[in-house]
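Before anything else, here is the set of structures, which you'll find just below.
Note that subunit A is present in both complexes that follow, paired respectively with subunit B and with subunit C.
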Partner chain A sequence: MPSKYAIHTLAVPHRFKSVSRSGIIAWEEGCLKCAVCVKKRCVYGVYDNRDLDPMQMIDSIDNQCMNCLRCIQGCPKELIHKSLNPEYKALGDSYWAPDIIAKLWYQAETGKIPVSGAGYPGPFSGPGFDSMWTDMSEIVRPTRDGIHGREYISTAIDLGRTTRHISFDEEKGLESGSARILDIPLPIILRTPTFGAISKDTINGWTRAAKGLGTLMALPQKMISSTPEGSAPWVIPMISPEESGAPAITEETRVAEVPWNEEVSGLVGEMEDRYPSLLMSVRLPMDHRAEERALVLAEDGVSIIHMEAAWNGVSMGGDGGFLKDGIRSVHLRLVEAGIRDEITLLSSGGIAMAEHVPKAIICGADGVFVDFPILIALECRMCRRCTKGLSCPVEIQGASPSWVASRVRNLVGAWHNQLLEVMGAMGIRDARRLRGEVGRAIFFEELDRATFGSMGQVEEGCELE
Partner chain B sequence: MYREQQITLGLFYCQNVPESREENRQALEEEFGKSLRLFPIPCSGRLEPVHLLKALERFADAAFIITCPVGACRYFEGNHRAKKRVERTRKILSDIGMEPERVGIAIGSKEAPKTLAQQAREIFREISLLGPSPVFGQE
Partner chain C sequence: MNSPDTYRLPEARRTPSRFRNAIGKYRLSRTDDCIACGKCVEICPQGVHVIRRGKVFVENHHLCLGVECPEPCHAACPVQALSLRRNPNFDAMGDFRWTPDLLVSTWHMAEFSNMPPAHLEYKIGGSAGGFDKLRIKFPPVEKVDQALLESDDDLDVGVELNRRGDNAHRVRIEVPFYGGGMSYGSVSITTMLSRIKAAAALGTFCCTGEGGYPDELKPYDDHVITQVATGLFGVREETIQRVKIVEFKYAQGAKPGLGGHLLGDKVTPGVARMREAVVGYPLFSPFPFHSVYSVEDHKKHVDWIKAMNPKALVSVKVSTPTDVDMVAVGSYYAGAHIIHLDGSYGGTGAAPDIAKKNIAMPIEYALPKVHRFLEEEGVRDKITVIASGGVRSPHDLAKIIALGADGVCTGTADLVALECIRCHNCESGRGCARGIATTDEELVQLMDLKWGTQRIINLFLAWRKELIRILKRLGMKSLRELVGRTDCLVHLDYMEEERERSV
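For the complex of A and B:
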């Protein structure tokens, strides 16, 4: 058995004060200066070391507050009032909700799994990944000594293609060619987000994080020059046909990506012949034609198909389909054709939380690309100011590569732990075994149909009175 | 149009001011660039003299607060308190020999409500005569 894969995390503080969930709204006047002052009794001591960040106007009492509301309830004259912070409510958008962003910040800072006490307060189900629930039936008898205990849970996945069968020639030599496989220790590949105040240092940091984690970092061709020396094996150059310039692929490159087009299979074959250890990935937009196209690619012998959804996980074709359904349909199509095991299916777009990784895998992906979370790990507020030429409120472009690398390492470390927890709770010990394992999940739509689908329908031969 | 004057305004505003959402804020920042720094607060009653003074100390030539109309504060007395605190800050400024006009309050009107952008433009007009703050020295 190989040595256990572990991500060692270390708390890395924010560079800026983070936007807090709640804020004091009013200090009423009329303090009695009484002896039972709630400010002195705060268990977190937030009133003792009060400070105001003048550039962001963030008060330490808002920032350090753990929202226990003891001071609001305890003040004899009821002088302190709190409400949701308007800046917090304005974070992100409908998909990258403030709570998701705040949890990603926490994970990048501490490297720990975010735990909310007092149960789960959210809705029962929702759109996208929220409409599927993973199996937790084995949680009653977890591994004897926790997810990092003696029982081994492997999160490694294989990238590449395998042959359907092996055949030998007359001299008992291998005729069918060997499988071209690259295994990475976790089903998460980093990828440059489509916007952000990204500098050379940011790219450098991300690549260092990918190398340290043993995974890969997908970068557009023009950004490759910003990567540190010797990192070529950990970089996936995203080659675009329009862009000319220095060849992005070297002898050390292990995976490269090209966008889909009608003649892509030929190009992929050519590249793989030229570089004997190279795996080529084809980026296929997720839309209603993805199934057919994926099938053609698989039959042409492409190693990796990367299903790309939009930033919020919806279909590129504008038909409103979500990533999870897109992956399922392509996966099932390949299963029906009997060629699913020969290729690798990766997906991207809208992977925002740790639970989305096992959910995408259950739907049929081998692994996922993570893009915006690695930007949010650097304190990004998803305000999109950078897309309008405004300054970044947290100056991401000025962050040092080592800080960037540690923050991303913390985030991925927390996600890896959550993946282990989820897999442990399902009783699954290998991420490769989880792929397409829909028996380990319940889909809301299916449950809804099975329970209520027949209601209101009249059986044949029956007459209503 | 105001950018040439190089006056920086630190502008606090209650989240209940009309058209003061994130997109309006970004549009204003695009228009005024670095000469305007916006700080949304849950209620103008949150404002304390230290906020205004810190703004003047660190980056602003003037610091203002926009509140809801009198009697329309969601938390009853927020704007009333903000007014008192601005007056107090003004007194501190005149005591130390600075123009008290560098700090001010814009109270909304129930009859003719104004948006954040309109208020910001009016405040810029008001402070345009002040000139750069002596805090940052002669540059």
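For the complex of A and C:
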């Protein structure tokens, strides 16, 4: 058994005060100056530790307050109040919601799994990945993979191409060629987001994080000059469509990516011939033609297909489909064609929370690319000022490479641990076995209809309550 | 043991908030222009204003009906000294499942033992699915037996727990719910005793959770369910023999497939003694029971309890994977009296957020599935089905019974009655800052046992009353009639679909 893969995390403080969900409003007018003021009795000592950040004009009590409301309920003149912070509500957008951003900040800072008391506080279900649940194992089948399932769980996946069977030529040499496989210890590959106030230092930090985690970092070719020396094996150059012919890459490159076009298979073959250990990935936009195109690519012998959805996980074709359904349809098509096991299917777009990793894998991907979370790990507020040429409120471009690398390491470490939790509950001890295991998932649309579909009748005169 | 003939309901008694300023939906402010004419005191139907020594005060903000008040004081004030606005604190608490409305409604029930006024949405939460999309469908009033509708008679809402008809105790609960497991350690001894004393008064039970059986509970042995969970904390032969119901916890809805975890900070000397562990060290309950890998193993477990306490009822608490129906039927054949399904949106003292949100099914799906499966197997009337995991109100209770449950377990609702505000920090530092889910010596003092007991009694008497109103409105004479009556429910999404189809 190989040694256990572990990500060692260490708390890395934020550089700016983060935006908190609610704030305390305390009026001084009418204060009775009680000898034992409720502020002095705060369980969390929030008022004792308060300090005003003159740069940002933010009072630290809003960050430290744990919302027990005791000061609010205890002040004899009712001078203290709590209200929702409009700045928090304005964070991000409908997909990159404030709660998602705040949780990502927490994980990047602490490296810990978000744990809380009391039951689930959120909506019953939602669009996209929120319309599926993962299953668990109980009494009748405590684990799928035998009783040792909880003790050792592997999150490693293989990238590359395997042959269906091996064949030999007359000299007993291998005719089918050897499999080109690269295994990475977790089903997560980093990738530059499409916007962000990033600098050379940011790229340097991200690449260092990828190397430290043993995974890869996908970068547009023009950014590769910013990566530290010796990091080529951990970088996936994203070759831009303008270049014609087979572009030059370093010998150490293990995976490179090209965008899809009608003739891409030829280019892929040429590159793989030139670099004997190189794996080529084709970035295929997720839309209604993706199934057909993926099948052609697989039949042409492409090693990796990367299904790319938009930043919010929706189809590139504007038909409103979501990544989860896109992956399922391509995966099933390849299964039906009997070719699924020969290639690697990766996906990207809208992977925003740890749970999206196992969910994307259950839908049929081998692994995922993570883009915006590695930017949010650096305190990004998804305000998009940078896209308008305005300054970044958290000065991401000024962050040091080592800070960047540690924050991303923490985030991925927390996600890895959450992946282990979910897989442990399912009784599955190998991430490769999770792929396409829809039997270990519960889909809202199907289950809701099966349970409540017959409860739509209202006879005349009935009252609903 | 209760006998229906001798059982008497406890009394409801007004029990206001233990904090100085109770939180309501609205706030009234009074300026110095007030001439203390007393007009507001006179017209307010809720007793919000109080006059003392020639001065008028707003003393009960939380009772103000706000924009729905039929005679608003701020309009009647001759000098316009009063102004009304929405309380910002109200919106800063709660979440989608427990909306601020639902929290304040529960506090109202715990204070007055009555249903809250109409300006609070107490029937549903804001999760936009499951219970919150289901509605109870009442037949036209004229079709309901008028005598039943107008009578003040009590209805039978009790549940017989032993339906196997075997050698074990005949146990009946007078209300269709009992207290779900919360361990000593995760909650304070005051919270634990409040729940158990209230359960005893209401003629029902309360579960110890996995954390031992404190001596303080001994007087209520007949109303205690002791839990055997994977860590076996505090499980002794003597505690098994002391009770009438023993509960096996295979998994918990909020963290299915994961073990339990009590953080080191919460392992105080008292907790450590009870659990036979070391002070300050975190305690893990593993997953699963390492002695149970099949239904046959599970039967061994049940037999083990029966050997120690032959008359005990055995309850099996499981969470809700897709094959929960198999688990339920397997439990029946292994000899269980009660199958307790804990849905994925249920409570916990601490769990990873990823587990609470994503793993296993909400109870609204699992329960009908199990009910149908047991019916098809022909054993539904031989086992009691208890549901939990997100039952927040009497309406949720009626809905889940109509989906096929015999009764429910409550947990979070009890804590909300004790003025939990769902801040989700039960697990951090010294524990609950409001003195409910903590063992910190100072914080525990925030709550008084008598107060806690009465708040929970009040809440559940209100639930009971509301449930009886619902049953009568449905034209039913006992709770048993409602079990599995999905035709009494409507799901708004499919109602919409049905309407579109007919247009």
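Here is the rule we use: the second predicted complex is superposed on the first by the 423 of 465 C-alpha atoms of A that agree within 3 Å, B and C clash if a C-alpha of one lies under 4 Å from a C-alpha of the other, contacts with A are read in each partner's own complex, and residues count from 1 in each chain.
In the analysis below, contacts are C-beta pairs under 8 Å (C-beta built on N, C-alpha and C of every residue); 3 or more make two chains touch, one makes a residue touch a chain.
Please read these numbers as outputs of a predicted model, since none were measured by experiment.
Judged by the touch definition given at the top, the superposed model places A:His81 against both subunit B and subunit C. In the superposed pair of complexes, A:Arg385 makes contact with subunit B only, with no contact to subunit C.
Looking at the shared chain after the overlay, A:Gly122 reaches subunit C, while subunit B stays out of its contact range. In the superposition on chain A, contact is made by A:Ala90 with subunit B only, not with subunit C.
Taking subunit B and subunit C in turn and counting the residues of subunit A each one touches, the greater count comes from C. Judged by the touch definition given at the top, the superposed model places A:Ala26 against subunit B, while subunit C stays out of reach. In the superposition on chain A, no contact is made by A:Thr253 with either subunit B or subunit C. In the superposed model, A:Pro54 makes contact with subunit B only, not with subunit C.
Across the superposed pair, subunit B and subunit C both touch subunit A at residues 25, 81, 83-84.
Interface residues of subunit C, counted against subunit A in their complex, comprise 17, 19-23, 88-89, 91-93, 95-98, 123, 126-130, 132-141, 143, 250-251, 254, 256-258, 286-288, 290, 292-295, 298, 318-319, 321-324, 326-327, 330-331, 344-362, 364-365, 368-369, 389-390, 395, 412, 420-430, 432-434, 437, 443, 470, 486-487, 489-491, 493-498. Residues 23-29, 52, 54-55, 57, 81, 83-87, 90, 383, 385, 388-391 of subunit A are the ones touching subunit B in the complex. Only residues 22, 25, 43-44, 66-70, 72-76, 78, 81-84, 103, 113-125, 133-142, 147, 150, 353-355, 359, 418, 421-422, 424-427, 442, 447-449, 451-465 of subunit A touch subunit C when the two sit together in their complex. Residues 12, 15, 21-22, 25-26, 29-30, 34, 39-43, 45-46, 48, 50-51, 54-55, 57-59, 75, 77-78, 81 of subunit B are the ones that touch subunit A when the two sit in their complex.
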